[in-house]
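As written, the chains take the letters A, B, C, D, E and F, and residue 1 is the first residue of each chain.
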Amino acid sequence: MYSLTVRDHMMIAHSFRGEIFGPAQKLHGATYVVDVTFERPELDSDDLIVDIGLASATLKQVIEAFNMQNLDDIEAFRGRNTTTEFMARQVFDAMAEAIRKGRLGKTGNGLTAMKVTLGESHIAWASYHGALHHGTR
Amino acid sequence: MYSLTVRDHMMIAHSFRGEIFGPAQKLHGATYVVDVTFERPELDSDDLIVDIGLASATLKQVIEAFNMQNLDDIEAFRGRNTTTEFMARQVFDAMAEAIRKGRLGKTGNGLTAMKVTLGESHIAWASYHGALHHGTR
Amino acid sequence: MYSLTVRDHMMIAHSFRGEIFGPAQKLHGATYVVDVTFERPELDSDDLIVDIGLASATLKQVIEAFNMQNLDDIEAFRGRNTTTEFMARQVFDAMAEAIRKGRLGKTGNGLTAMKVTLGESHIAWASYHGALHHGTR
Amino acid sequence: MYSLTVRDHMMIAHSFRGEIFGPAQKLHGATYVVDVTFERPELDSDDLIVDIGLASATLKQVIEAFNMQNLDDIEAFRGRNTTTEFMARQVFDAMAEAIRKGRLGKTGNGLTAMKVTLGESHIAWASYHGALHHGTR
Amino acid sequence: MYSLTVRDHMMIAHSFRGEIFGPAQKLHGATYVVDVTFERPELDSDDLIVDIGLASATLKQVIEAFNMQNLDDIEAFRGRNTTTEFMARQVFDAMAEAIRKGRLGKTGNGLTAMKVTLGESHIAWASYHGALHHGTR
Amino acid sequence: MYSLTVRDHMMIAHSFRGEIFGPAQKLHGATYVVDVTFERPELDSDDLIVDIGLASATLKQVIEAFNMQNLDDIEAFRGRNTTTEFMARQVFDAMAEAIRKGRLGKTGNGLTAMKVTLGESHIAWASYHGALHHGTR
C-alpha cells in the first residue's frame, strides 16, 4: 500500500460543553497542524499517488471553512463538541467530498483510503482514518 | 477509525545481555519519549475518543514505575533484555491494565486498540500495537 | 554562556484590530508551544543552570494566566494586539517577575538573561530575548 | 504487532516527465529523510525486533545506490518518474532483497512486513508498506 | 530583542567542485527547509515584528529564483560552490534587497537584523545572520 | 556570521548528588541528542564553514568517550553532577580540543565560536556557547 501526506494548519476558537472538559468549557482556541494522508494500492501512470500540488491546494481550500473561525458559530456543529478528533473527521469528510467532486483530478479516483491527523500541541494529536467511496458522478 | 495520542517521557538506566548488543552490554541509559495512541471506531457522547487530561495523567502514573529507575533492578524484568521494543510492550500492558481498572473512566471502555511508541533518539523508535480486551469488572 | 530550555504550551482565543490582520481580525485562536530559555555564564554549585523541575512548574503557573482564556477579555491587554510576539513578551515579563520573587530558588538569582519563544504553527514562531535584572528583595 | 524504525537520509537530483509536474519537469533535487519500519508479531529470543545496528548499517548500504546520484541516469528507472512514492518502493524492494539475502542476520527472518517512508520536506512525505516474503535460501 | 521566524522550502540540484566534497562532486540535490528570522528591538504600532502574511509571501517569491532549479546553471553562482551555508547567504541577500525595496511594507523598515537557516536534512543545517541596513530610497 | 550544525546522539547512565535532584539522585539514564554548531565570520575558499563529513566524524569520535557509559564511573567527573548543561560543556571542550589538534583540517582554524546543545527530551535541552581559541601549534 502506498500513502502520501501533505501538511497545512488552521487556527480556530471554540468552547466545549460538559463537566469532563474542565477549564476548556471556556472560550479558548487552538492551532491544528493538519496532515492528510492519501492511500492507494498502486501508483498511477505518472508514478504518483496523487498530484501533490493539487492535494495541497485542495486541503487549503477545505480548511478555509474552519481557519480563523470561532467554531461555536458554525451552524453545522451546533450541539457537538468540536474536539480535535471531531474536527479530524470534519476535515476527512470535506476532503472526501472534494475528491468525489473531482478536485484531485482523475488521479483522485484511484485513492482507496485517507487519514486526517490534527496536531493540537507537541504532546497531543488525533486522527480519523477511513475508506474512500467513489460514487458514480 | 479514530485515534488520539498523548506524549510523555521517561529516563532510565539499563544494560543488555548477549553478544549482539556490543557496547550496549555495559550499563548505559536512555530517554524514551512515550507516545500512547488510543483507538475507537466511534466517538463517545461528548465527541471524545478519551478524556485527554485523564489519559495524560494515567500515562504519567504508569511510567512512574520505570522513570528514574535502573531497569536491571526490576524483578519482573529479570532474564529479559529491556530493549525499546520490550519496554513499549511493558507500557502497553500497564496502560491496558489501568484501562481495565477504569482509570480512564467509562470512556475508556469504548477503546478497542492501543499503540505505544518509545522514541529512543532522533533516528530510532519502536512500537507495540494491540487490541484492548475489556473483561467483566 | 550556558542556557537551558523547558517547553510547555497554552491554548488561547483572541482577535486582532487593524486592516493588516485581514481574516485574523475575527475571533480565532492558537496553540502556543512555549519555550523558555534561561541563561547564565557559570553553573551553580550543583552543576545546574536552574532546577529544571522548578523551572517547569513555574512556567506552568505563569501560563495558567493565559491558558484556556480569550485574551480579548484580559483587562491588561486592552488596546493591544495579542500577537505571538506580544505574548512572548508577556510570558517573559511574568517569568522575570516570578524569578525576582524567588520562585526558582536561589539558583534563579544567577540567571542573567532569558528568551521566550512561542510557536504558533509548524511554519511560524516568535521570541522575546532580554536581560534579567535582579533587584534588592 | 511490534515495529521498529530507523532513520537515515539521501540527497538526489532528478526531473519528471508529464505536464502534471509543472516546474518539477526541470532538473531539480531533494533530500529524502528515509524511515524504515520493521514489523514482527513477537520479539526474538534477545527481546529484539531486529538488531538496530545491523538495520541501520544495511539501510545505509541500500541507499548508497541512490545517494548523491542524478536518478535520471539510473538505467533501471528509465521511463519512470522517480517520485517520492516511487522511490519509497525502490528502497522497500532493495531492503527486502537485503533481508532475503540474510543481511539482517537470522533475526531478519522473523520480520513479516516493512514500511518505508521518504520525507521530502517539512510538509510532504510518502510511504510504501508491504509484506515480507521469506523464500527458501 | 524581538524575533519572528517563517518557514518555507525549496528543492534544488547542484554539484560541488573540490576534492573535499567527495561524492558530492557529482550532480545531486537537496531539499532546503528555509527559516527566515526577522529581528527588531521594539514592536510596531500594531504590536507586530513584521506582517507574517507579507513575510511568508515575500519569502516564497525570493526562493522562486532557486526552487526547482539546477544551481549549476545560475550565472551568478559561476565559480562558487552552492553549499548550504552559501545558499543561506544568497537567501539573506535577496530578502534584504526585498526589504529595502519595501516589499514588507513600512513595518519592514523597523527590522534591524535577519537570520536565514537552511535545513538540508534531519542532521545538518546552516545559517547566515547579519544586520539589515536601510538605505535612503 | 555563518553557522553550521551537525547532529548525533549518545546514551548514558548517571546519578546526581544533592537534595535538589529528588528522584534523579537514583541511577537512571538519558539519550542526549547532540547538536554542535560551528561559527565563522566568512566562508573559506571552498564556500564552506567546515567540512560537514569531517565535522560529523569528529563529533562521533568525541562522544564515543561518553556513549554507552555510566558517567558515574568516569574519573574526571568525580565530585561533579553530570547534568545536561555540564555535559554540554564537556562535549564543547572535547570538540574544541579536537579542533585545536587539527581534526577538522585547516578549515577548522577559521572557526571563531561553537555551541553545543544536548536535548534530553522533547521538553528540555541545554547548551554551552563559547569562543574558540586557536593556539600556536
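FYI, a contact is a pair of C-beta atoms (placed from the backbone, for glycine too) under 8 Å apart; a residue touches a chain by one contact, two chains touch by 3 or more.
These numbers were taken from a predicted model, which means no experiment stands behind them.
Undergrad: Starting at subunit B, how many touching-chain steps does it take at least to reach subunit F?
TA: Contact-graph shortest path, subunit B to subunit F, evaluates to 1.
Undergrad: Weigh A-B against A-C on C-beta contact pairs and write down the one with more.
TA: Pair with the higher count of C-beta contacts: A-C.
Undergrad: Taking B-F as the reference interface, identify its repeat among B-D, A-C or A-D, namely the pair sharing over half of the contact pairs by residue number.
TA: Comparing residue numbers across B-D, A-C or A-D, the repeat of B-F turns out to be A-C.
Undergrad: Going by C-alpha centroids, which chain is farthest from subunit C? Tell me that one.
TA: D
Undergrad: Taking each chain's centre as the mean of its CA atoms, which one is most distant from subunit A?
TA: Result for max centroid distance from subunit A is chain F.
Undergrad: Hey, how far is the Cα centre of subunit C from the one of subunit D, in Å?
TA: Taking the average C-alpha coordinate of subunit C and of subunit D, the gap between them is 42 Å.
Undergrad: Between subunit C and subunit F, what's the gap in Å when you average each chain's C-alpha atoms?
TA: Whole-Å distance between the two chain centres: 28.
Undergrad: Pull out every residue in subunit C that's touching 2 or more other chains.
TA: As it turns out, subunit C has residues touching two or more other chains at 7, 122-123.
Undergrad: Which residues, counting only subunit D, touch subunit A once they are in their complex?
TA: Residues 16, 18, 20-22, 80-86, 88-89, 122-130.
Undergrad: Which part of subunit C faces subunit F closely enough to touch in the complex?
TA: Subunit C residues touching subunit F: 1-8, 43, 46-49, 51-53, 56, 105.
Undergrad: Under the touch definition given earlier, write down the residues of subunit B that touch subunit F in their complex.
TA: 7, 9, 11-14, 23-24, 26-31, 33, 67-70, 120-123
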